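The following pair of complexes shares a single chain, chain A, combined with chain B in the former and chain C in the latter.
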Partner chain A sequence: MSAPAHQIKRGVSLYSFQEEYFLRTLSVEDCIRVAGEIGARGIEIIPEQMIPGFPHVSDEFVEDWFAWMERYGTTPVATDLFLDTKLHPDRWLTREEQVASICRDVDIAVRLGAGIVRAIINTPPEVMEEAAPYAEEQGVRLLLEVHAPFHYEHPWILEHLEVMHRTGSPALGLMPDMGTYVERFPRVVSERALRDGAEPELVDLIVKTYDDHGDTHALMDVVNYRGGGPADFGLARQATHYIWSEPKAMLEHMPLIGHIQAKFYEMTDDGVEYSIPYDRIVPVLVEGGFDGHLSSEYEGNRHIQDVHPVDSVEQVRRQHAMFARLLGETA
Partner chain B sequence: MFDKYIVCEEGFRVLDDGRTGGVVEVRMPYYRGLTLSMVEAVDLVLDGRPVPPSRTTFTVHGHTYRFDQLPHTTDDRWEMGERAQLAFETDEPLAPGEHEVAVTVRLRISYMPVPGGGRDSKRLTLAA
Partner chain C sequence: MGPLDDQVVRADSLTATPDGLDIAVYSHWYRALPLPSLARVDLTVDGRRIDPAELSVTVNGTRHPLSEVASAGDEYWFTTDPLVLHTPVETAPGREHRVQLLLGLSIPYILTGPDRVPLVAPSATDKTLTAAGARS
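Coming up: the complex of A and B.
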């Protein structure tokens, strides 16, 4: 079976290798090398994570960066920005300072040759609007991440959509995080809660409520009524923070979607994501004519590091084997 | 998310400047570096006894700060995975051998409504 023609490309956010980078078992260069080996050729980086000295980016780093791209057959695609509205202990960042922070990060993206900047979900719509002309001038798209528990009908996202549609700015758009398509509760998370002392009956209740796509609003309260402790509350809160929604909801917004953060928690030995049905997500992207990158975002390390050695490279490798299959690159 | 890595196994040592006390190396339990003004606390409990922040200093890549300086330090960062040196003064010299070292890190993360950070506790042997 071959997939319909499409222009979807594969990439990886180096965020995926956070465990190894934190422990200094993989350098930035190593991360890019393995990305190339895996065939995840579009590179996304969090400058604040992997460029010491941020926001200063040295000429030496930039030189190395492009040399690595050349050497490993990869291309810079996206950078991820943060907006530290609480930079100061005694006051909120002013709107002007927030816009300046975004523009600074646009400049960094330009230096690194990335045409896309991930705007973090807490970026206010009015700040996006004010920063858009500068991004446009610099040839960069500012894409708001649509991250769980947000979705396309949420008021916060609707406010952003209003700005995008009213201004019609070509610099503004969306970056859906596939953590908004968690169909069943990640078992790496519930298993960790059990190891941390959660009550098995309460874990079952939480997982079952989530998996049935039931009402999770009052889960923390119910867990409290049933005598839960911190591990149970933590898990219940997680259940309110993952969401499942219909992937086809992306179709309506496809003209705004420039990049996909392909969040995942566990690629199983069978080569599928345990929680997120990529076999139903990728066809939606193909149908919508998405032509950007599916950018891996592995986030399972934090849930297994207490009992297993983390192998983020293998996890990303498995996700890309799945993508290659779903995109019709392999049989 | 990186709580178990906060207290470094290596580098626990006595102060080498004539004062009584020691140094423990610590990492930030977060997936990116953070400007120091958002590092609200790096609290140390040694052998069950809290060490007041006024008796500790914090060093990143050779730059040393008192904790009352951090809230206004916006031109330096604690990088992701960087081993910072938490130096502390004690009344008595540290006894050789094992010590229980507990560290709590509190971070101000703008997109989170509650404080970020984490805690870790390890038994460390004082380097000879």
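Coming up: the complex of A and C.
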């Protein structure tokens, strides 16, 4: 068997198991164990979700964390930061406070042995620029998530790219979220809207407009003129939050791309993602020489939890079976 | 709002104390939130609306009047930890209470509209539960 012609690794954001974690059927340790079993060996964590006592990270947690990594054959890869610009109801966080918040989260990543921090999309470019030297000193990369509905020509992303190219900081880069490649409207979302009382004709219109890559921003007006209710408006709004763009757009930015959030909503019984064409995304990453992690981010739970027990583990397992196939690890 | 609302107030959430009824409340947001996110606590017990000025909350072992949580930005309410709402409702172990709670969590990084108003994630609870005795 020939060695794969790429260095792409597989991992999972423990966010994927949020339903089970919330319902206390999986602990953090359980999440890491199943990740190892699935072969998603690179671990991404949202410290605010799963580290009791956040923002303080106890020595005890750190000790357990590394013991779990060893026990289950996994490696810490990334943490996800948030920037609570409206932490205080009466005022905006100052730029200095924003930078301090980023640096605090860099310190947490260092404690957990993760070399990558996901910078949330609302992080201003100037805050990234100011935090970059500290991140570099700590050996951590701050990667801006490129999350739907943003894309590489969006003014906000262009401002970030300007900072990244001008400073040339090795600590700055991008983390594309595969929710930017939703080619077909997720049926788990439209089916939920129907259960919530949306009008079938309006649901069809919204799904068809999205699938035809039509003007989703006009849908709110149409729903209004057709007397739609809250579920219809919710679905129309949702249609503006997903985007489809050409995955090859990542090629130009590949030197900046350090991690992939492999968002997904539904792995079908046939072992494919219903909405996101990973069979056309993975080859782009291979072609571009991407050598980081494809990190699962399951987000379908919220759309099915009203009718089915959620099985995030099975969903992540199926996504990794697909990745293993697309990466040439299995036939 | 969704089926996870069912987890916000649980079967064992009520505790009778000499000072009144305590209600353990769980967050329905997926990450720990700073305490100022507790933007709306609209509580009715046995049909009587409780004035928010009469409420206090305990999180991470520290008690705060509800009116002061807006300035407690360093305190985080963790995803799997209860926040205890202290109410002045008279009770005793074994007594049943109907608890109606509209909880609005202000999400400090998801800002909406031209006024940059934080998204408020609501949950609604309406349960009749039995108060346990305070653990000594």
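Heads up, the rule we're going with is that the second predicted complex is superposed on the first by the 327 of 331 C-alpha atoms of A that agree within 3 Å, B and C clash if a C-alpha of one lies under 4 Å from a C-alpha of the other, contacts with A are read in each partner's own complex, and residues count from 1 in each chain.
We adopt the following convention: a contact is a pair of C-beta atoms (placed from the backbone, for glycine too) under 8 Å apart; a residue touches a chain by one contact, two chains touch by 3 or more.
Nothing here was measured: the structure is a model prediction, and the numbers come from that model.
Overlay on chain A: chain B and chain C clash in the combined arrangement. Within the superposed three-chain model, A:156 lies out of touch with both chain B and chain C [touch as defined at top].
After overlaying the two complexes on the shared chain, residue contacts for A:72 are found with neither chain B nor chain C. Of the two partner chains placed around the shared chain by superposition, neither chain B nor chain C is touched by A:134. In the superposed model, A:233 makes contact with neither chain B nor chain C.
Residues common to the contacts of chain A with chain B and with chain C across the two structures: 15, 18, 21-24, 46, 48-50, 52-54, 82-90, 120, 122, 302, 305-306.
Against chain A, the residues of chain B that register as touching in their complex are 1-2, 4-5, 27, 31-35, 37-38, 40, 61, 71, 74, 77, 79-82, 108-111. On the chain C side of its complex with chain A, the touching residues are 2-4, 7, 30-32, 34, 36, 39, 60, 70-71, 73, 76, 78-81, 106, 108-109, 111, 116, 118. Residue ranges on chain A touching chain B, taken from their complex, read 15, 18, 21-24, 46, 48-50, 52-54, 82-90, 120-122, 301-302, 305-306. Put simply, chain A touches chain C in their complex at residues 15, 18, 21-24, 46, 48-50, 52-55, 82-90, 120, 122, 302, 305-306.
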